[in-house]
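Input: one structure, supplied below.
A, B, C and D label the chains in the order they appear, each numbered from 1.
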């Protein structure tokens, strides 16, 4: 029994749900779960289906071709189909902060994240011992003003070699070039240490402290070539008060960052995220 | 164009989604929204569909008969169909506390709640001026140890006279008899002033204070003959600390109570609640 | 027994706490509660004391003079002393939205807010019936492009006539002039319908929807001549998702707005707010 | 300059604040921070002071004697004085779950927790590699029905050998005997995986799922001989819905457990907790 997840979006139209579920039945599949959303303003339709097929890989390829021809093209669909049993491969990019790395690797070790982590890439050597402790390959690729192009080439090669499906920037402190980003559309997950769009850029905790806010947050988003402007996947907040100084903000923020990033990674792994119009639909 | 909402639950089985959406297509309907849930442990299937039909009332009655015969019976379904354009009728039961009443009537007046409120019933006269200010009929039915049976008979008559669909107990301080409750299964919404199942019964804020909890809550649930044990619809919490005394708990709790009760009422009005096994499925 | 609250801020220095509490003892007072804060970065000291004096009004005036001379001047203090038993007078400014007005008046009627409300001022007549229902004087002062100066003069006269201590803008949709604002420093409380500094200005819910945030908020702040830039008193947030449209954001936001504004008003009434450097210290 | 923290509680009475702050001045100390609380119902006074003394250890011993004689005895005080610069020693008790251990050790390694961890004690060997990775001594003391007395004796010996000040039970799955508990009053911090007092005992996530709650929580408390009844230090909650099964509850709960336990440990380390009447005062 092959388990698959299908993600669809297309202009909203009558009959999509029946058409799709029927087609799956006709192809000897069973829809075990369907979730759907319509953006009435944009008149766009979104759907996520979990299906089971009594079929081997080859026949699924035929299903794909057939679905493209008889369904997707009629509705002008953008659609994707995933083998649910196959764990995607995630690369971690880190620098010096360790809290997100610990959190992700702890969940990875305990089996909470249905993912493979073939490689951790860092511009510093500081976190290598953690990678070793968790038995994950660590690659040190220094980045500076002069070698950025070469460094990214080396990063890309490593990602290719390990057949990486997506990247999580676990407080990676370098800005990726547009060239790099464009090779992984909606496949690079970043954690920003503020409640975006408040306090974009560097030192958000300092800015939040300066402004005297009573709540701080963290935001996980897909990276686009517009810094801090990519589609938001998840956010979380925590209350602060006048008794907390910038250092307290940073410590409280760490707890947010790791939780928010891990939640976003999980959504991505479970194919629960659809990006449209620089926003995300997060299926439940 | 008739808009309807269909709620279904039945033992989980292959092909339900396709069968139902197909049947709607065959009857010239269009499914505009579907949401679904499977309880894998209990092997129970739940679905909520928004549909549009190019039909008059009479033909919808035929649809119902046909659906019953050709679909529902095959899957052993429990199902309901609502005319979405028709506002349900809600009775409010109150005693002396006014915060929930103000909140509900404020939302009612501003058009936030798609409901009709034909009657407010109270065992005290205190809140009558509020009913008058909002132009809602108010009926005073005193309740005491000796007249409980008669009082409930009078309440039931008023509910019948006004063709009430469901009841919200907005801090109504009398316990309804099992006889009364059983006439409105999953149709009486209560607000309990604690985070159930913690602190059931009377004076929950006092108990919470005594125990030294750091968070207090409120719970909205359908009333069953087991006091405080009915299916939970919504809960919310707020942080407290040693600086707050019982009176502070009560004040903070009021803000929870009104928000939680109004949310539960809204879910109910929008037919987003399915009760199964003393728990609720809340569609989004 | 006269109950008073003393609020102090001054450059941080050794011995302030002992000096102040001693002075109060020497003047036959008893400090029943003290709360204190030091901003280590700015080296500024903040303190709030609840005291009881066995004295009449006249002797308290002598206390003030003496404290000024022997304590405050030595430490370069900014300080204020309030008669705790005397309820401050609050004016409400409203326009057409009623949810904050209902919330405040509901709390006022139930005795939750230790304040007097001598006047509600509005640029529209829509909410007059609510004022009447709650028995609070309502004054309609239309505002338009051409009469702004005259309108503010009329508002100021009404505030003076009623000896108003502070103002709450309960979704008042006009921008007050700098002249007006400067007459009430840290005495005009506004509710902004976003999680400032995200989405300042008009239509924040539309902007939040556009950006695809997963959490929205509301912010209560003192009004300064810099629009939406005044010291933040309180903030609260609520989770949203792709299923919510702008209208849902607005409805969810209303619940935040009323709660946050009422909390801020309460802090102000209880003299728990000290403003310094465009930020607030909120004593507990 | 010696930094100290003084914690005081006693029956409420006039003049305590002035008396204490004066005495410190008289002994050439400077009170840098004071926080205070009065439980008006119980008429009990609580205070926490940060002080600096230009003194060596010996003179501080004299201060203690003098304070006892001239201040504490007059007010019937229970009081404690801590050298703020000295890190307390914490033992960790664990079993098989690793998430709390990772979280605590991660914070420990990053310098967030001002504590020493001389020993991790476990009834299983599973987590030894984590202890090794973080360079913390690990002692395996198996516990079963027959050897409980001996095992606890061995635990106590290890605690004594390492001069342990307090214990954190990081999901330690054995119940400690009353004899053991009574040797560490208000010095054993437990994390319970529910929002106490809801769902005490084992399998709280299963019970919460069964009851259909919409919010789950975790509770950190001091261990007393009454299981799950000790004074609550910290609680946190997270929203769940019908889509989550027991396993999801457990995963979400893990994130709560580690955050809540770490917060409680931090409060304890910073001497911000005062226990009275089976409740906690948590200074800010």
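Quick note on the criterion: a residue touches a chain if its C-beta (ideal position, glycine included) is under 8 Å from a C-beta of that chain, and two chains touch if they have at least 3 such contacts.
Computed from a predicted structure; not experimentally measured.
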item: Chain at maximum distance from chain C, centres defined as averaged CA atoms; value: A
item: Inter-chain centre distance, chain A versus chain B - centres from mean C-alpha coordinates, in Å; value: 37
item: Where chain A touches two or more other chains at once, by residue number; value: 241, 243, 284
item: Contact graph of the chains (line, ring, star, complete, other); value: complete
item: Of all residues in chain D, those that touch chain C in their complex; value: 14-15, 17-18, 21-22, 24-25, 30-36, 38, 239, 284
item: Touch list for chain B against partner chain D, complex; value: 37, 39-41, 195-199, 211-215, 217, 231-237, 241-243, 245-246, 278-282
item: Contacting residues of chain D [partner chain A, same complex]; value: 98-99, 102-103, 106, 109-110, 112, 129, 133, 241, 243, 251, 254-255, 259, 284
